[in-house]
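Working notes for the structure below.
We call the chains A, B, C, D, E and F, going by the order they appear; numbering starts again at 1 in every chain.
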Amino acid sequence: MRNVVVTDPPRADAEDAARLGELGVATVHEALGRVGYLGPELRPAWPGARIGGTAVTVLCWPGDNLMIHVAVEQCRPGDVLVVATNSPSTDGLFGELFATALAHRGVRGVILGCGVRDVAELQEMGFPAWSRAVSAQGSVKATAGAVNVPIVLGGQTIHPGDVVLADDDGVMVVPRADVPRALTAGQARIDKEAASRAAFQQGELGLDRYGLRDQLAGFGIEYVSYEEHVGGQ
Amino acid sequence: MRNVVVTDPPRADAEDAARLGELGVATVHEALGRVGYLGPELRPAWPGARIGGTAVTVLCWPGDNLMIHVAVEQCRPGDVLVVATNSPSTDGLFGELFATALAHRGVRGVILGCGVRDVAELQEMGFPAWSRAVSAQGSVKATAGAVNVPIVLGGQTIHPGDVVLADDDGVMVVPRADVPRALTAGQARIDKEAASRAAFQQGELGLDRYGLRDQLAGFGIEYVSYEEHVGGQ
Amino acid sequence: MRNVVVTDPPRADAEDAARLGELGVATVHEALGRVGYLGPELRPAWPGARIGGTAVTVLCWPGDNLMIHVAVEQCRPGDVLVVATNSPSTDGLFGELFATALAHRGVRGVILGCGVRDVAELQEMGFPAWSRAVSAQGSVKATAGAVNVPIVLGGQTIHPGDVVLADDDGVMVVPRADVPRALTAGQARIDKEAASRAAFQQGELGLDRYGLRDQLAGFGIEYVSYEEHVGGQ
Amino acid sequence: MRNVVVTDPPRADAEDAARLGELGVATVHEALGRVGYLGPELRPAWPGARIGGTAVTVLCWPGDNLMIHVAVEQCRPGDVLVVATNSPSTDGLFGELFATALAHRGVRGVILGCGVRDVAELQEMGFPAWSRAVSAQGSVKATAGAVNVPIVLGGQTIHPGDVVLADDDGVMVVPRADVPRALTAGQARIDKEAASRAAFQQGELGLDRYGLRDQLAGFGIEYVSYEEHVGGQ
Amino acid sequence: MRNVVVTDPPRADAEDAARLGELGVATVHEALGRVGYLGPELRPAWPGARIGGTAVTVLCWPGDNLMIHVAVEQCRPGDVLVVATNSPSTDGLFGELFATALAHRGVRGVILGCGVRDVAELQEMGFPAWSRAVSAQGSVKATAGAVNVPIVLGGQTIHPGDVVLADDDGVMVVPRADVPRALTAGQARIDKEAASRAAFQQGELGLDRYGLRDQLAGFGIEYVSYEEHVGGQ
Amino acid sequence: MRNVVVTDPPRADAEDAARLGELGVATVHEALGRVGYLGPELRPAWPGARIGGTAVTVLCWPGDNLMIHVAVEQCRPGDVLVVATNSPSTDGLFGELFATALAHRGVRGVILGCGVRDVAELQEMGFPAWSRAVSAQGSVKATAGAVNVPIVLGGQTIHPGDVVLADDDGVMVVPRADVPRALTAGQARIDKEAASRAAFQQGELGLDRYGLRDQLAGFGIEYVSYEEHVGGQ
């Protein structure tokens, strides 16, 4: 691993990132063709947060938060800090003091491929965090890593400057180049979902709305009455 | 797997199901002799929900929610949708649009042996859901499964029309034939617990109340003072 | 296993235990040199509880809560009940009736290396509990264990009379002999954190505050501009 | 749970069971339409065993092997013992002494939804076992369960007398009524696989052999050269 | 954590340790009353090894094997190296070069609460290892820990000089003071098992041999014929 | 996801890939600075295989092996097939028939981020496979994916044409551009390890060989005799 801090990577637009955050993870994920989701293991430290921002990426050694100290200085308003460890670890590399420093810099939240601590304090100060674990386990500052290099988290590659969205459904990444498409497709999906919601509220069925009913026989699906089914066993 | 949709299975009484839901999972599970619990992996999408209803069962291919679309049409007021996948999957096969359609049909909640998404929206609309994961991961509609066949979830077999209860302690199934016994035994247990609670509030010990004290010697349990114990090491 | 109930072990001071609970798990863990944390698997049954008390330890057979009944009688005001099982189990060995009996005795909470049930009721009555799982699975009373012997939970050895702290960040143990040091070091850390917090709120960086900046080159960390970095690949 | 030992359930034919075992788990699972597999968590205690037999089912309390003692007496030549626990447990409820007793009775192997011990001895004596864990953890004989009732293991319901197959790929169940169909379809699949194997050995592609090539466009799959693909990014 | 290397702790007798190793983990665990087992997560790097030795304990920071280098020097003939990490980690802190150094010193094997690498080479040189994972992930030498202090691994406390046994069934600890009792009780159990084995080979049942048959009714166990049972449902 | 099959991506040299495979995963991982390892979850289907080849990458829908059929045609001698699924799945997407087709094309092995089946047959034919699970669970061919696009597996990004190495220690990726450096550094490490091995065989300590002894005091490590240590507690 090259122990490098990359300065001033180009970032997606911070307003675009915020707008994607409002559209929400499930919607943008679907709109882009079901890509970019970081999986069910990253959970919010407290419920109800919803953010979108530009990624500052950090790669730490397990049990060591030296590089988060380094990364704070690289953060700007509109950023989201995204931390991976070099091998699996649940240690609480991040807590309320880091959040205080990041909030001062206008950072919108943190995504941790490890543990988080001080969750009551984070909720109280309203600083959003997603993590693989809650853990009070403390860390050393003894081994180098990297800042603003591409990292892998939750089965996705995240480049510095990409947009990261997170809410109660989890976390996703939108590559910087895909932001315009994500905004357009995300809004289109919001509109489509609103129409479907209205239809479902009046009793229409997805089978009909999505044209699935005619395909059922082709899928080999048969309808049988309970009596037939039990009798046939 | 026979790709079949079984229509109109007989169901337990919807009022009985609601009453069992009020008694609660822990109580009914104990009352029936500690059977029917679906295990600790099924967790509520939001806290505080408490339901009982009649099962409409769905078997889906992993990553595919086609059969949930099919199942919606089979649901009636008082039902609970119960979804298993053919192999382990955490994908979010169910979200707010499905919940809208089910709420319109009087369905009381959903139990998902996979993931759920739109959890903030589900809480806002008050639609109860229990699942193995929260995941925004979207799904296709490409492979057949079955509706209203017996399924296995959380180590229990669930038949269509069985009663399914769920609250913050998890999910359990009461086979349709056992509902009358569950109502009687559940109410008896509620009464017994109320008496125990009152006794414990006044300082009685379970050792005495449950007649355990006299059995301790038979279990081979000895009492020793701390000094004896430390000295004897 | 010797099936023994050790009576009246010496305990740390109950007020000291309460004070350590106020300082919090993350703070005391750091203050003592990053020791004593029981790991991320023990989670609160409901958010917001924060306790410190003296341990009454219990060792149960999996699926069996006989020894918790025995242990209740050994509890005094200021205690925390700490339950381990002899092999891994998620069963809900503890619920609202036990909590009622313990609350009557002035017990401050329970730590369960297994499952907990009745979580809605526990929250309503304000009885704090941490556990490895939420599970309605009921238990028998058929096999002996031990009370107030040293137990291992979450990778830590807990002796009866030790102080156990728990909050939203998890659970930790402070050996009885270390309590005075924990109080002093914990308060010192609170003061140090307050100063750091104030500094970070005004924009100071951890790199500078902790004297890390000068060490970065020694760690082999280089700063490169984005253009250089991308060009160099 | 009704604590019952059901005697002399009807069994599938022992020779049919052996023949299905020879066909193998993967083959019979596919031949029946991809049903009946008990999942990847059940692993062989030693490699190379391959069995088919008729199920004698056991339901044990976690940490307790009383009912295995009861079940041994119910076993006949050609049987396979199948053990589930009432809640998750990895304890080693079964070892070499049980295997000695079962081998004397002509039992073909054991499937354990818990742990196994004495694995070196089991391999030496050639007694096949599949389990969720290897564990030396010993058990008590203190709590009742059931023998020859339907049990759930690995997401499948197993009735006494059903055929259970197991090899290095895991374990599956064939319901007694499906045995004739499984034999016919399994043999047909063996023949089909032999033909495919011969074709693949000579370079034919599955795309052509299974008629997939013409469907690719319909699936929305495009072929692009590397240059185009990289250029288009 | 006090970063200390404790030199020359008293050790159990190396021949006694070897003899306990020959008796085997499952036997000694039972003989001592089912205590001391380190659980199913510690698995052998290669099958067939069987050791007993005196523990040299190591506590490492995750991702860091500095203290193993320190510990090698503390090892004597007859020792077993036992490594825990301060928080959960699967990194491969130990490989063939360490094994070479330890073999030279007469060390009998290694128990790793983390990962192991070079497993093919370890098997080739016949150096026994048990671990929580196999992982090639390399480590740094940057953070202090401790040698020959009590550590917790697999839910057991291990003191330097205790006997550690390991075979294909896993790993267990025998406290130094319990070694004489373990030898006596272990040999007694071997003899008892030999008698049971001979009886079972001739068809005796555990129900009779262990006097369980008369207790079954007391456990509430009923025998019913299949016809009765199915008819009664 | 764009459903694309990228044809003829540039590949690393097949002989270089084979040479890296001989150097081994642990060695090359260390030599490159501890990067590229795919983690402990990918395990060999049978012990003793050791390969290096050029990646043909596949992205499948869970439970669906359509794209593996597509990918076979893209494989050349010296390749290794690397399969990821779009969300977590243990299904056995790959077995002996695929191996037969790949062996005919000179493919050196397969890496599966899902399950593998027919493991006995794979061992018999000598076709190497690494996977996250062994599972007989069969799959459909109903949903598109991609071939020869960058995929993420085990926390690493793998591009088509990269070198993939695998042996009993797991799997690693060497980006195509890093192959020359990996060959040089890997060979240098082999030489260095040989020298260390020889030194360790003669009793030299790593503390001395790696110059660690002088740093111990700087790490805060103290040596104390057992008597001092126990007395000081």
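Heads up, the rule we're going with is that a residue touches a chain if its C-beta (ideal position, glycine included) is under 8 Å from a C-beta of that chain, and two chains touch if they have at least 3 such contacts.
These figures come from a predicted structure and were not determined experimentally.
Asks: Determine the shortest chain-contact distance, in steps, between chain E and chain F.
Replies: The fewest steps needed to get from chain E to chain F is 1.
Asks: In contact with chain B and with chain F at once: which chains are those? Just list them.
Replies: In this structure, the chains that contact chain F and also chain B are A, D.
Asks: For the two copies chain F and chain D, is the contact made of the same residues on each side, with over half of the numbers shared, or of different residues?
Replies: Different residues, largely: of all residue numbers at this interface, under half are found in both copies.
Asks: Quick check: how many Å separate the C-alpha centres of chain A and chain B?
Replies: Taking the average C-alpha coordinate of chain A and of chain B, the gap between them is 29 Å.
Asks: Mind checking the centre-to-centre distance between chain B and chain E? Centres are C-alpha means, answer in whole Å.
Replies: Their C-alpha centroids are separated by 38 Å.
Asks: Give the residues of chain D touching no fewer than two other chains, as numbers and ranges.
Replies: In chain D, residues 2, 34, 39, 86-88, 90, 135, 137, 143 touch at least two other chains, as defined above.
Asks: Could you list each pair of chains that touch, in label order?
Replies: After working through each pair, the chains in contact turn out to be A-B, A-C, A-E, A-F, B-C, B-D, B-F, C-D, C-E, D-E, D-F, E-F.
Asks: For the complex, give me every residue of chain B touching chain D.
Replies: On the chain B side, the touching residues are 1-2, 33-35, 39, 84, 86-88, 150, 152, 155-157.
Asks: Name, in rising order, each residue of chain E that touches chain D in their complex.
Replies: Answer in residue numbers: 25-26, 29-30, 34, 37, 39-40, 43, 47-48, 50, 167-170, 172, 193, 196-197, 200-203, 205-207, 210, 212, 216, 219-226, 229.
Asks: Looking at the complex, which residues from chain D come into contact with chain E?
Replies: Residues 2-10, 66, 69-70, 72-73, 90, 92, 95-98, 100-101, 104-105, 115, 117-120, 133-138, 141, 143-144, 148-149, 160.
Asks: Once bound in the complex, which stretches of chain F touch chain B?
Replies: 61-64, 86-91, 135, 137, 140, 142-143
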